[in-house]
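Two complexes, one shared chain (chain A), two partners (chain B, chain C).
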Partner chain A sequence: MSVISIKNPLKSTVIEENHINESDDENNDLMLDDAIDEVLDSAQKRYMNLENSSIVTPGELITEDATWMRGHGTYYLDDKTYSSVAGTISKVNKLLSVIPFNGRYRPETGDHVVGRIIGIGNKRWRVDLGSEHAGILVLGAVNLPGGVLRRKSDSDELQMRSILKEGDLLNCEVQSTFNDGSASLHTRSLKYGKLRNGMFVKVNSSLIVRTKNHLHELPGGVSVIIGVNGYCWIFKTKNQASSVASNKAESEFTSASNGYSVGMGSVSITRLEEESSWEIYSDKNDKISSSIKETISRYRCCLLALSYNSISINAQRLVKAYEISLGYGEINKLINEDVKKSIGEDLINSEKMRG
Partner chain B sequence: MSHQELLSPEGFRYDGRRCNEQRNFNLELNTHPHAADGSAICSMGNTKVLSLLRGPTDSNDSGLSLSVSIIQPPYAKSDRVQVSKNDRRFAELSLMVQRTLLQSIVQKAYPRTNINIKLTILSADGSILAACVNSATAALVDAGIALYDTVTAITVGIHDISPLIDCNAIEEIDLPYLTIGTISNSKINLLLMESKTPLDKLQKMINLGTEGCIQIRNQLDIAIRKSAIKH
Partner chain C sequence: MVLSVAESSYIYDSLTSSNSSRIDARKANQYRPLNANCGFLPNSNGSSRIYNADGIEIITSVKAKVVRTERIADLINVDIDIHGEKDNTTLCQQLTTLIKASIMDSFQFDLLKLTGKYYFQLFIDVSILYLPEDFSASSYTLYSLLSLISMNVYISLKSTKLPFLISSKDDFDVEEEPTFSDDWELSKFLIPQDSKNTFQPPLIFVVGTAGEKAIIDPSLEEEEILEHGICLTWSNSKVTTPIQSLTLSTNNTKALKLSLISEAIKLVKNVAPDVISALDTIASQESDDFNNGF
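Up next is the complex of A and B:
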């Protein structure tokens, strides 16, 4: 129960409460870090103080200095800058912004994302990215089957459903963003396009850090696309030589007994033509062995465990979590919340050991 | 029930509180991380409101459309009563919550979007509107939606000359009371009074209510920071 007095507002007691909590925390830290060198301890404390002070809540005054540029998550009244979300302050040169703890994904140009087609219309697909607005993939921004490079005609527009239809998953790149925060996408590269041979996992987008590469090959014959929007795709690693190419090579090999021809057995310079056949938009999965299926589902459980523990996700961590999870036996045991928690703890411990 | 019992000569209320004593206030953010973009449970004494927020999502309207719905399940009160889906009282309450919150959202940051808040009264013991506002504000903060400031609300009743803060259901039946919501510590954003009281007492009630709102705002602030540390 808290008492309200009319005369003086109870801010002071609240502040005291805060203070008590902080000192408690410090005490605990001191107890924990007894063995650690004092210098390290003070440095850590300084770091922690810094972190505490940079958390702001909506309506909190950030600065009265008018020279700062106001970025996302802020607003200003009479030259004073206030926070509009609960988050941490980020200062880049003269740009002041607040990064919210939670919130939907906001697309940025160049993001590698995984999305799902939710609608088709007027030469464009609408793609769900888990953001405020659906992304837009225009017909001109996809590779046509066969790799032909030309203007898209009306007949292409009529055939759009044979390329991508509602419910299909694809990985793509954000080409540009609009004023309202919606994104225009493109798949004009062989690494983008429709997704097959795998499993979809959704995690919180705030856990994923933008990196140079979001497609990773993992041990166990499995690859993962960690979309910046928190949508991930775990799938069987593609063979170096695609099945088409290998078929072609085989047929050439059999014909080789008849005689030698120039360029035989080699892969052509532009793989675009070979790889962008209708097969890249096929709905059929390749044959996946049960061991790979198990590995995929184990990786899925690891991703969910990382998400459960709010650990930011990257490929190294995922591999490490996978290694740890092998110690917990069967995959179906990884669904247990306690197991997820202890995977997270083990991971944090192992990272601390490495420093 | 006579007025005598609601405030004893010693200055204690029916449930043992003093005039300016709030009920146990508890606020928890991010209670349903998978079911919603933002979620919170606000309890003020025995009143408990869960809010689930979905959005911002695509919408065809040009600006921001905020929809609020309030549901009271049959088990919310001590006697089991079914509240119909289009109950007029709850429709009115949800409209008030919607108007109160819409002013606090930075609307220009959300063009063509829709935010949907579902409030469920898990247990009702007075101050329902106040608990709904507090809970919905917390859900907005949890969802990372840009707000100018947080809105917090509380009820104030009046017994003869002494204003009573944070009324429970028994006090609400017998006493004239108002619900007050403030933004930025002292600006009044919501004021609802459905009963009659002499005008000279109103200022007293508003003063106490404003103090109460500041108190709740501080507690909301602490709850936000706590949930931040959890992340």
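Up next is the complex of A and C:
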């Protein structure tokens, strides 16, 4: 097992250049002409009418037609519209925009995201989401410890740091977005809130597909939150602590067989009081065994391997990558770039086999 | 980067627990993968580039000049330029001093001796081209760069070539300016590659400590929770000066235990031969053609 690996990135390019030198010049010229013709053709096509779902590069002319409305990812000079990013063209009625392949996360209402508190301001927290603007979490959009439902007062405002402070990671939903692309967040559900018992990983946000559910329980006693903004949190799966609450309801229910009274056997809809004591804003980790920690590290390596290979990320793929990674032996080998690459190849091959 | 309390205690606990583990699953003596190449700057005698997965990229050039001097301290000049930092910041100056001190302490100056009166003067210019964006607004200092800079300087010194002298070596009696051969093919390595027992450039290792554990090449997350950093120099197959304590981050610093220094020395002894041989491999893969450098 080597301690260090240093690669020379130039070796492969040297080989490629030899290839080019081998082919004779005449051939090269002919090929070049063909290539230019091809480019011209496609450019002309674009002058005439817009091609559907074509890929553009920054600075490329999209259309000379001035009737289009210019959306995101475009700019214009002398009534000609150019692309300002690399991506695909999207047209909605007369609105023309380019959706970038890569880039910063753009919040949309309803996105399940993971964020980090970067500042506290007037009745609000500023949250880093990896987007152009920091997200905003207003004091009114969090659950108070103890599940008290009331208007937030001045004393709550003074205590904001005891709920969430700078550096804290939280798990929240985009409530609405503003014109400039910034987001307003909320954590008004028991599945959202402060994160602990685990490890943070950042991957490229363009790799993450919006799905119904972003919190997944994975084999090995580990869960993952794959935030739409590319921020992920891998943590030890929670013990079924809520069983206490359901037991209570059950016992009430059995006692109800003797005689029924109104409200008996019911559980509060949100279970706020049972579950959201001060503990939901605690900074202390539970006891985590070293085997769970190793599994968490392995999932982290797998997420990074998927990101390294630019494979879009979902829970099934992550589990599959985890299974493949088990075949590579010791966990410390997974940081090697060759291993990451071959995990990606294995994953793609296995998906091809399944069809 | 600021970590949450839960996060940093997770990292700290897993590092200091009995079966210690690092969050990126490395062993205590394992480096992150690096990329490096050398000999791509046509105007310099030796050059190298190194970058890691975090995106930190450093290039170094070694340029030689013929001077007539007796003062050995003038023969080696080190200059470090960090993108986005002024030259007179403490960080720049301390890095420069440390790198220069490490080279001066162990350098074999007769390699630079040209004739009776003339010496080669070396200018080692290090340029740090890119740093991760959150470096500026964070609690970690940049001292961990030291190890990467020193690796880079090592590769470029190893790949430095000097022109072949055709005038006589003994110029005490006759006043003669040194003349060199026009043919670059005849140039010789500053540090001869064939013989085993000659001088090797020094390497600086940065070791981080937390609790009773010492780890090599701490990642940014780890630097947040480390209690102390130690830099050690490895030269000619042994640990030498400068050995110095470094503040890797301003967060969690505590006093340094003496036993940890010997732990760090043990760790460096363990990894140094592997690092040296990996760097030597890169230094020997000099690009034949300047054109394929970029």
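As a working rule, the second predicted complex is superposed on the first by the 239 of 355 C-alpha atoms of A that agree within 3 Å, B and C clash if a C-alpha of one lies under 4 Å from a C-alpha of the other, contacts with A are read in each partner's own complex, and residues count from 1 in each chain.
FYI, contacts are C-beta pairs under 8 Å (C-beta built on N, C-alpha and C of every residue); 3 or more make two chains touch, one makes a residue touch a chain.
Note that the structure is predicted; figures quoted are calculated from it, not measured.
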### Message
Once chain A of both complexes is superposed, is A:Gly59 in touch with chain B (first), chain C (second), both, or neither?
### Response
first
### Message
Let me test your reading of the model: by the given contact rule, A:Thr211 touches which partner, first (chain B), second (chain C), both or neither?
### Response
neither
### Query
What is the contact status of A:Asp168 with respect to chain B (first) and chain C (second): first, second, both, or neither?
second
#### Entry: chain B versus chain C as contact partner of A:Glu132, first or second or both or neither
first
### Which of chain B and chain C A:Arg300 touches, first, second, both or neither
second
### Task
Residue by residue on chain A, keep only those touching chain B in one complex and chain C in the other, then list them.
1-6, 9-11, 14, 17
### Message
Looking at the complex, which residues from chain A come into contact with chain C?
### Response
1-11, 13-14, 17, 116, 118, 166-169, 194-200, 283-285, 288, 290, 293-294, 297-298, 300-301, 331-332, 334-337
### Of chain B, residues touching chain A in the complex
17-18, 20-25, 30, 33, 37-38, 55-58, 106, 109-113, 141-150, 165, 183-184, 207-208, 211-212, 214-215, 218-219, 221-222, 224-225, 227-228, 230-231
### Query
Along chain A, where are the residues that touch chain B in the complex?
1-6, 9-11, 14, 17-18, 55, 57-59, 73, 75, 82, 84-87, 100-104, 132-134, 179-180, 204, 310
### Message
Give the list of chain C residues in touch with chain A in this complex.
### Response
2-7, 9-11, 13-14, 17, 19, 21, 23-27, 29-37, 40, 50, 216, 270-271, 274-275, 278-279, 281-282, 285, 287, 289, 292-293
